[in-house]
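Each chain carries a letter (A, B and C) given by its place in the written order, and its residues are counted from 1.
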Amino acid sequence: MKSKNSGKDFCMFALPGMFCFFAVVIIPFIYGVYLTLTDWNGVSKVKNFIGLKNFGGVMRDGQFWTSLLLTFKYVIFVVVIVNVLAFAIAYLLTRGIKGQNFFRAGFFTPNLIGGIVLGYIWQFVFSRVFVSIGESTGWKLFEVSWLSDPTNAFIALVVVSVWQLSGYMILIYVAGFMGLSEDVMEAASIDGASGFVKLKSIIMPLMMSSITICLFLTLSRAFMVYDVNLSLTAGAPYGTTEMAAMHVYEKAFTSRQFGVGQAEAFILFIIVAVISGLQVYFTKKQEVEA
Amino acid sequence: MKQTTIGGTKRKVTNALAMLGLIIIFIAYMFPFIMVVINSLKQKRDIIKSPFSWLFTIKGLSFDNFVNAFTQMDFLNAFKNSLIVTVSATVLVTLLAAMLAYYIVRHNNGISKFTFALMVASMIIPFQAIMIPLVSIYGGTLNVLNHRITLIFMHTGFSMAMSVFMFHGFIKGNVPMALEEAAYIDGCTHSQTFFKIVLPLLKPIISTMVILNSLAFWNDFLLPSLVLTDKKLLTLPLSTYSFYGTYSADYGTIMAGLLLCVIPILILYVALQKQIIGGVVAGAVK
Amino acid sequence: MRKKVIARSISLGLVLVLMTAMLTGCRFGFASDPDDPNEEEKEVPIDTSTDTFEYDASLSGTNITLLNSKAEIQVALEKMGAEYEKKSGVHVEVMPVTDGDSPYTKVVSLYNSGTPPTASILDTTDIIALAEEKAADLTGEPWTAEAEGYLTEVNGKIYSFPLCIEGRGIIYNKAVIEKALGESFDADSITTQSEFVALLDRLVDAGIEKPVSMAKEDWSLGAHQLQYIYETYEGTSEGAQKVIEDIKAGKLDLSSYNRMSQFLDGFDILKKYNVAKGDPLGADYDEMAIDLADGKTAFWFNGNWAWPNISEAGANEEDEYGFLPYFLNDDKSDFVNQKIQASPSKQVMLDGQIATEKEQAAAKEFLNWIVFSEIGQQMLVKTCNIIPPFKNNPYEPGDPLSADIYAKVHEDKAFNASAIVPNDHWAVLGASMQKYLAGRSDREELISDIQKYWDEQE
């Protein structure tokens, strides 16, 4: 686009999209940050400015830091497993395997079901289907519901998140692989590069932009996990699987400490922003122009 | 898509192994969905006591759940509402995001950089953090809740960042400047260039974004529940509320309702899959 | 490409099949089996021939909204609203609170959006939190005279309408006990904890290996079970309040408080005979109802709200179900071993801030209509299946659980105490109770959790 008329271009191309975005996301967010500095409880008419007192409340809320630690653990598992799995499946699905279109449609099904409902279905699968399989087969693995043991409930959360997120990431990786030119792959094969070398030195660098996107998306989504957390475990058993986003919500509405909850949400945002900022910075450096 | 034949038998063996692995993972992926389909045809008691049993061993297999779900949801009306909201918001966000991303890629100025950085950062704002401020601004101050158009506008705003992010990456990598320059030389205006030259090149990413956005809008629960309270305006997910009781849920009806919600989007996906694949291939051949 | 065509035709085929099935309402298999538990329940007829209620004609045409947080009566409330509209011309829109969304959150977001409901059905804690800021003063409304003993006051004023009485205890299935023991069973014959244990042991000997079901849900453990320690102090709401104040002030040591250890004794008994003992936190609520109806168990700790589940599991209104008290000790003169807890739970609050005079007047008339009109009285009991807290309501609830509570309330075999605790009490301490139930913590840890919870409250 040439630079003449750039004011007109801006109004025509950029402004409408920016307007929607600022009006719906940024302005409420700024207003929300302002609310963390007041003693507003979500209901009252008066809002008194109280400075950083709510952030002091965050420091004292030990459960928040516990849930944050758990969230970190969860994020590591989810991000690694989702990306490895999605990358591998996408690779297979673009190698000309028979019926790959059919498979692609199948791997897409997790996307069809919205967050809350999805958690309920999995809860049903873990607590009823698996247990009934356990009853009829006598398998120790399914003898008791996974959701009643802290470690297994955590694994269940990871499994469901992987299932849900990888469907989405497969889509993006598939698009990335389809963008790789077949010549590169063929050339590599003729040169006699072994599978692993081919993967490491030829495919990975070319796929880096897809990897950047997928890492960023999984990272941010895993940190923000709420729907699945609420409907699959709701923090059970005894509050051991309560992740940060769910804790924030509970703090604001169940414990009725609106300001503290809002401040925790803000802190969570800062942490995720820093981590995914670093991730994007480092993976971008690895990208090569195709 | 033709299979490449380099490698001979070794390739065949690895392919067979890959196929096997794929089938196993595939079944694992489909498992919950299969459970939904099977149990949507059963009665509550059978769902709870024997969720895994095969259909023909169960007495009272019936489509009752579907009939109940259909009437209780006021399906046709909710379907219409969902359709209006999803289609308008998807069209709006796809178009506006493509234009905004195009502007950002081609104008590497301060505003572009700032907006893009802000958008990427905003993708990690927890929705719960802006939920109350959002309703107090749009409801308390502007008083525009309970209109479809407000919901469409909000859906557009919320998915803008993600869409711009995806379009940005695609335009940067797959749309060559040379084509546009040729268009300018031929005397095209900026908007002509965008709509006639650039937009067609974006087809693969447009199909992907249409799928992802329409899915998100179609399935979303929290935002519509904040914006719409008028019964006549409820979307499909909102209309399934009554299946969830305070103490226990009506599993059969929920699963039937879920399938009723999902089928339209499944059709959309099957229809668009050709576009996604065809488009990406066309782009790669360039 | 061929596969895609197949996938497409499969999905289209599926849609077509579903559509035809829905349109024709077809059923196959043995769906019309006589003991089909899903069979449509027959509607209780409402006699609308007499109606002496005086309607204010000037209110006709007004629209009011009612936020409903009691999901199981959503349809019933809609019917009630429609009936009221027929008579008064006031349109009542019943808005549900959805799962995953607490009633309080819903009300808060509705107030923030500037469109609060004219009336809201909420829990007592929510009412107290919102009363002075948002609610209309209902002191002196005609119905208050009929609900004596069931009114909640905030600084001497009444802001809420008690919608129903709910009671809880140990539900028993009489037929199962009688069949197992081979003799008739009289619930009143069990008067102490030891007698209850003896009964459980006899049932075990008779082949019911684990005769008790108990829910793992935090609201059941944290609210319905644990709150006995406050409510049994002397069986009144004031007493419960006093215990809480004393715990907060450090005047009452929980580890030596007798109701605390007695409650845990009672809880341990249920825990010992729990049908899901192997995996207590994997227990499924719906399965408990089925187990009780089938006779796999004989007892279920729950409240009268469990009836829809039990009935869905195959029980009939003619079957004999009832409540045993939550036995705390062996003292026959202690009221807790003879009475069950029953008190008003859900309350209706009217918006006094944004609703117009006319809307408020219409909402007030609707409440009076529920209490005083012949139709409203019938519908409250028969359509909503509620135990009315109003003296003048002559109708008795039809299901055995509600009927048992109703009888106990009228025979002075129920105590009316409800502890007003902070909103997160059930969630926070429910988690501690789950830990105790799963055997992952001991009494000492549980008690220190409770103490710590109260220490953190302002």
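Note that in this section a residue touches a chain if its C-beta (ideal position, glycine included) is under 8 Å from a C-beta of that chain, and two chains touch if they have at least 3 such contacts.
All figures in this text were calculated on a predicted structure; none of them were measured in a lab.
A.B. asks: So which chain is the furthest away from chain B, centre to centre on CA atoms?
C.D. replies: Chain C.
A.B. asks: Name the chain pair with more contacting C-beta pairs, choosing from A-B and A-C.
C.D. replies: So, comparing the two chain pairs, more contacts are at A-B.
A.B. asks: For chain B and chain C, let me know how many angstrom lie between their CA-based centres, rounded off.
C.D. replies: Here the centre of chain C sits 38 Å away from the centre of chain B.
A.B. asks: Calculate how many whole Å lie between the centre of chain A and the centre of chain B, each centre taken as the average of the chain's C-alpha atoms.
C.D. replies: 16
A.B. asks: How many angstrom between the C-alpha centroids of chain C and chain A?
C.D. replies: 37
A.B. asks: Where in chain C do residues touch two or more of the other chains?
C.D. replies: 4, 7, 100, 108, 112, 284
A.B. asks: What residues in chain B touch two or more of the other chains?
C.D. replies: 48, 132, 136, 221, 249, 251, 266, 270, 273
A.B. asks: Could you say which residues in chain A touch two or more other chains, in rising order?
C.D. replies: 42, 101, 105, 116, 128
A.B. asks: Taking the complex as given, what residues does chain A use to touch chain C?
C.D. replies: Per the touch definition, chain A meets chain C at residues 42-45, 99, 101-102, 105, 116, 127-128, 131, 143-145, 147-149, 230-231, 234-239, 250, 253-256.
A.B. asks: Within their complex, state which residues of chain C touch chain B.
C.D. replies: 4, 7-8, 11-12, 14-15, 18, 21-22, 25-31, 33, 36-38, 65, 69-72, 74-75, 93, 95-96, 98-101, 108-110, 112-115, 284-287, 289-290, 305-306, 308-309, 312-314
A.B. asks: Enumerate the contact residues on chain C facing chain A in the complex.
C.D. replies: 1, 3-4, 6-7, 100, 102, 104-105, 108, 111-112, 129-130, 133-134, 216, 218, 278-282, 284, 422-424, 427-428, 431-432, 434-435, 438, 440
A.B. asks: Within the complex, which stretch of chain B touches chain A?
C.D. replies: Listed in rising order, the residues are 1-4, 6-7, 15, 18-19, 21-22, 25-26, 28-33, 35-36, 39, 47-48, 50-52, 93, 96-97, 99-100, 102-104, 106-107, 111-112, 115, 118-130, 132-134, 136-137, 153-154, 156-158, 160-161, 164-166, 169, 173-174, 180, 184, 190-191, 193-194, 204-205, 208, 211-212, 215, 219-221, 237, 240, 249, 251, 254-255, 258, 262, 265-266, 269-270, 273, 276-277, 280-281, 283-284.
A.B. asks: Can you check the complex and tell me which residues of chain A touch chain B?
C.D. replies: 1-3, 5-6, 9-10, 12-14, 16-18, 20-21, 23-29, 31-32, 35, 42, 85, 89, 92-93, 95-98, 100-101, 103-117, 120-122, 124-125, 128-129, 132-133, 136, 163, 167-168, 171-172, 175, 178-182, 185-186, 189-190, 209, 213, 216, 220, 223-224, 226, 245, 248-249, 252, 258, 262, 265-266, 268-269, 272-273, 276-277, 280, 290
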